[in-house]
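Note that subunit A is present in both complexes that follow, paired respectively with subunit B and with subunit C.
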Partner chain A sequence: MDFDLSVWMTRGPYILRGLYETLVLLAGVLVISAPLAVLTGLALEARSRWLRLPALGLSWLIRGVPPLIILFIAYYVLPVVLDIRMDSLTAAVAGFVLYNTFIMGEVVAAGLRSVPKGQHEAIAAAGLPWFRSLRRIILPQAMPTIIPPYVSYSMDMVKGTALAGAIGVTEMVTRANQAIVATNRPFEILIGVAIIYGIIDAFLIALQMWSERRWDHKGHLSA
Partner chain B sequence: MTHFRKTASAIAMTLALVAPMAQAQDFSTSDLEVSLDFPQPWPLENLIEDGKLIIATTGKTAGETFIGENGELQGARIDLWTKMAEDLGLEPEFVRVDWAGVMPGLAANRFDLGCEGASWNNDRLTSNDFFLTRPVKVAIHVAVVKKDSDYDSLDDLAGVKIGGVKGEMELKHLVEATGHAEEDALGLPGVTESRLALMNGQIDAYGTGLHAATALLESEGGDQFKILSTPTSVGVGGFCVNAREPDLLTAVNFLLAKYRTDGTIRELNDKWGLPDTSDMLSVVGY
Partner chain C sequence: MSFDPTLIVEAWPQLMRGLETTVWLFLAVMILCTPLSLLVALARLSRRRWLSRAAGTYVNVIRALPLLVILFFTFYGLPSLGIFVSPFTAALGGMVLVTTAYLAEDLRAGLMAVPRGQFEAADALGLPQARFVRRVLIPQALPIMCGPYFTRAIVTVKATSIASLVAVSELTSASMAKVTETYRAMEYLAFAAVAYILLSALIAVVQAVVQRRVRLP
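Here is the complex of A and B:
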């Protein structure tokens, strides 16, 4: 079979519009779930059992459900059960944010656990305000532990966005499939899409390396 | 005298009745034009959104509903649904979802209309989640194999690897026609994946509809495939209407009858290179 890349001349713009939807979805999920993940991580590590136990239960539940099922629930079940009607993209963002918040929440919790106990005790002894000490002392020390798995899960998220096609988001893979139907050129299109995903992931890896350089292993912010 | 009057009246009444009958014998019904007038706009009270007809489509069936070079949905079904929406005085809105999402979406009140030509079966006919419309086509299911293979009949497929779209009737019928166990067939997410699996040798044949198979053969690179001449099943296929919208079902059924009668369906099938089964529908009373 001949390999004809000219299919990207005719179908490329259509597929790349799907890349835009993929990036919007990804950015929405990562931006919204990041602060929620920090709150979830704090709740998972909270001393109060009223905070910790519900957070643990929800985390166990949400992480155990496949993301595709969460998307189906957001798009198909919520309108019937709770009369909540979201368009495809909003439902996808909401579903992925829910899933990602608890996945990343566990990463944040692991990072918080990595900070030596003595630091927490010193903060308590010095009577420093909670939020300030969290921002200035605890989180910076937890960052070197948090960043690698956080980026790794974000890369999974990049690939996971393809699931949103099942609820009508015309992201890149959905559009690639539609282009394959119209052109009968699966290999050229799929390899091209794989390269684009590789580029996005390479960008995230570069971001991870840059972040790791900024926070050294002692949690100091480099200049 | 009274008796005479009664007799005369009786004769007059009989003549009055018989005269039109005699005229009726001159009627030729073949020359009559049947009126298929309908209200425009059609009053529909249960639409999800006023003024809009929200239609779910996969956009993945060449010839019927697919993405053209301009990036827009096109095909025989897209044209038909657009005309249908216009005739009902509505604006069509197409939502692209996977086949697995069409029926759940109708049940969840996401779409007014869906299915490009869902085969009638007992589950679908009795479903509480959606209504099946009158047939839009005779659904002929076939097996597609590689042209250079030795498979020429369904009997040749006994014991070979088969596949098709997971949950679709086309795969079920291929399984039944070739005597396979259901768990031995490879269930794939879509027609695209089925075609790829066939090209890569993961399967030796896949089950699909005649429309999709014909479109495949006519597409670029389609000359490496062939359709086995014996169908795996022949039934009928219609659209699916949201179960909350019986008034829309009436309207769609009416318009399908009209479009079949006035040749719209045939014209669109010809335009998009699809096999037309309009005449066959008459055989089954539609």
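Here is the complex of A and C:
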């Protein structure tokens, strides 16, 4: 077999245009699901049974279903149930946000659990308001536990965006697939795509290293 | 919007055949991956630099790639090398490649959790390496490995759905075939979702049984 990268000269621009969909999808999902994940994490750890049990049940359901099935449901079922029109990119964002919120919610809940009990007791004893103590005391201490799994699930999300092609989002892998069918050059095309994913992952690893420096293991913010 | 369960009953044989393929794919992946990933994990812990480097490179490269891209490699790439295999075998090969890398990391964490003193004691006693691994290291690592191992199994059973995108007619693709045939999405996708949840629940039950058996005295 000969290895001929010139296929990237002709098909490259077409494949790289898919990077737009890939990145919009990734950014949309990560930005929207981050606050939702914090709320889910708080609900999972809530003292009130009315918050905790529905959150636990939903989390178990959503995490038990493959993301591909969730995408199909978001694309084929959601518009019928809600009686709205949705393009495939919106449906993909909606489906992944749903999935990611509960995955990340569990990560946040685990982080909250890692904060020593004495901290909660001290907050109650000092009579600090709930929101401020959460922002100033609990979350900063939970951060070192939350960041590593949070980043590694974000990397899963980078790779998960490839699934959106199944509901018609023309992201990078879908376009690469079309180029493979057109040129019958799978190795050259897929290796190029692999390198691009490696670069996106490298950015996330850099982000993790930066944020781990920012929140050291004692939960102090360093300048 | 109505939910018509009779649709599922009518499509039962096709859906069951899809479910069967999903289960076989999952079992084949896990059976092949378990010993392979243990070898990779041991290689990563090896004192021989080239061996641990090679294993580390394999694990990190594979984990940076989407599963779908790797399945495209085995699905399109192998035939262009002149190796013709069925879609099922291509998907199986790709999934084994990926799951071995992830599972190796899970198992490595378990092996590393065994106290350092155990390694030193084995060295001091001159215990042969293979016997040390089999008699000392693995029995102590098993209870720690158990949780991550079964978590990975649940991730894998859900990941088999991606094989539907490379022409394997498993549960997801059987359900989607009925969706395109009947234009009724809710019934078949709900069936698929419930089937996956039941499979994960079943794995969780197996985990509970195994975990009780491997507990250290």
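FYI, the second predicted complex is superposed on the first by the 221 of 223 C-alpha atoms of A that agree within 3 Å, B and C clash if a C-alpha of one lies under 4 Å from a C-alpha of the other, contacts with A are read in each partner's own complex, and residues count from 1 in each chain.
Methods note: a residue touches a chain if its C-beta (ideal position, glycine included) is under 8 Å from a C-beta of that chain, and two chains touch if they have at least 3 such contacts.
Quick caveat: nothing in here was measured; it's all calculated off a predicted structure.
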Looking at the overlay on subunit A, is there a clash between subunit B and subunit C, or do the two fit? clash
Would you check which partner chain A:168 touches, where first means subunit B only, second means subunit C only, and both and neither mean what they say? first
In the overlay, answer first, second, both or neither for which of subunit B and subunit C A:88 touches. first
First, second, both or neither for A:180, with subunit B first and subunit C second: both
Identify the partner contact of A:140: answer first if only subunit B is touched, second if only subunit C is, both if each is, neither if none is. neither
Where does A:159 make contact in the superposed view: on subunit B (first), on subunit C (second), on both, or on neither? second
Quick check on the superposed pair: does A:197 touch subunit B, subunit C, both, or neither? Answer first, second, both or neither. second
Under the stated touch criterion, which partner chain does A:72 make contact with: subunit B (first), subunit C (second), both, or neither? both
Could you tell me if A:10 is touching subunit B, subunit C, both of them or neither one (first, second, both, neither)? first
Report for A:28: first if it touches subunit B alone, second if subunit C alone, otherwise both or neither. neither
Clash-bearing segment of subunit C relative to subunit B, given 56-64, 110-118 or 164-172: 164-172
Where on subunit A do the contacts with subunit B and the contacts with subunit C coincide? 1, 72, 76-77, 80, 165-166, 177, 180, 184-186
Spell out the part of subunit A that touches subunit B in their complex, as residue ranges. 1, 10-11, 13-14, 17, 72, 75-77, 79-80, 88, 165-168, 170, 174-175, 177-186
Across the complex, what residues on subunit A touch subunit C? 1, 61, 64-69, 72-73, 76-77, 80-81, 155, 158-163, 165-166, 173, 176-177, 180, 184-187, 190, 193-194, 197-198, 201
Per the contact definition, I'd like the list of subunit B residues that touch subunit A in the complex. 59-62, 66-69, 71, 95-98, 100-101, 104-105, 107-110, 190-192, 195-196, 199, 216, 219-222
Can you tell me which positions in subunit C touch subunit A when the two form their complex? 1, 64-69, 72-73, 76-77, 80-82, 154, 158-162, 164-165, 172, 176, 179, 185-186, 189, 192-193, 196-197, 200-201
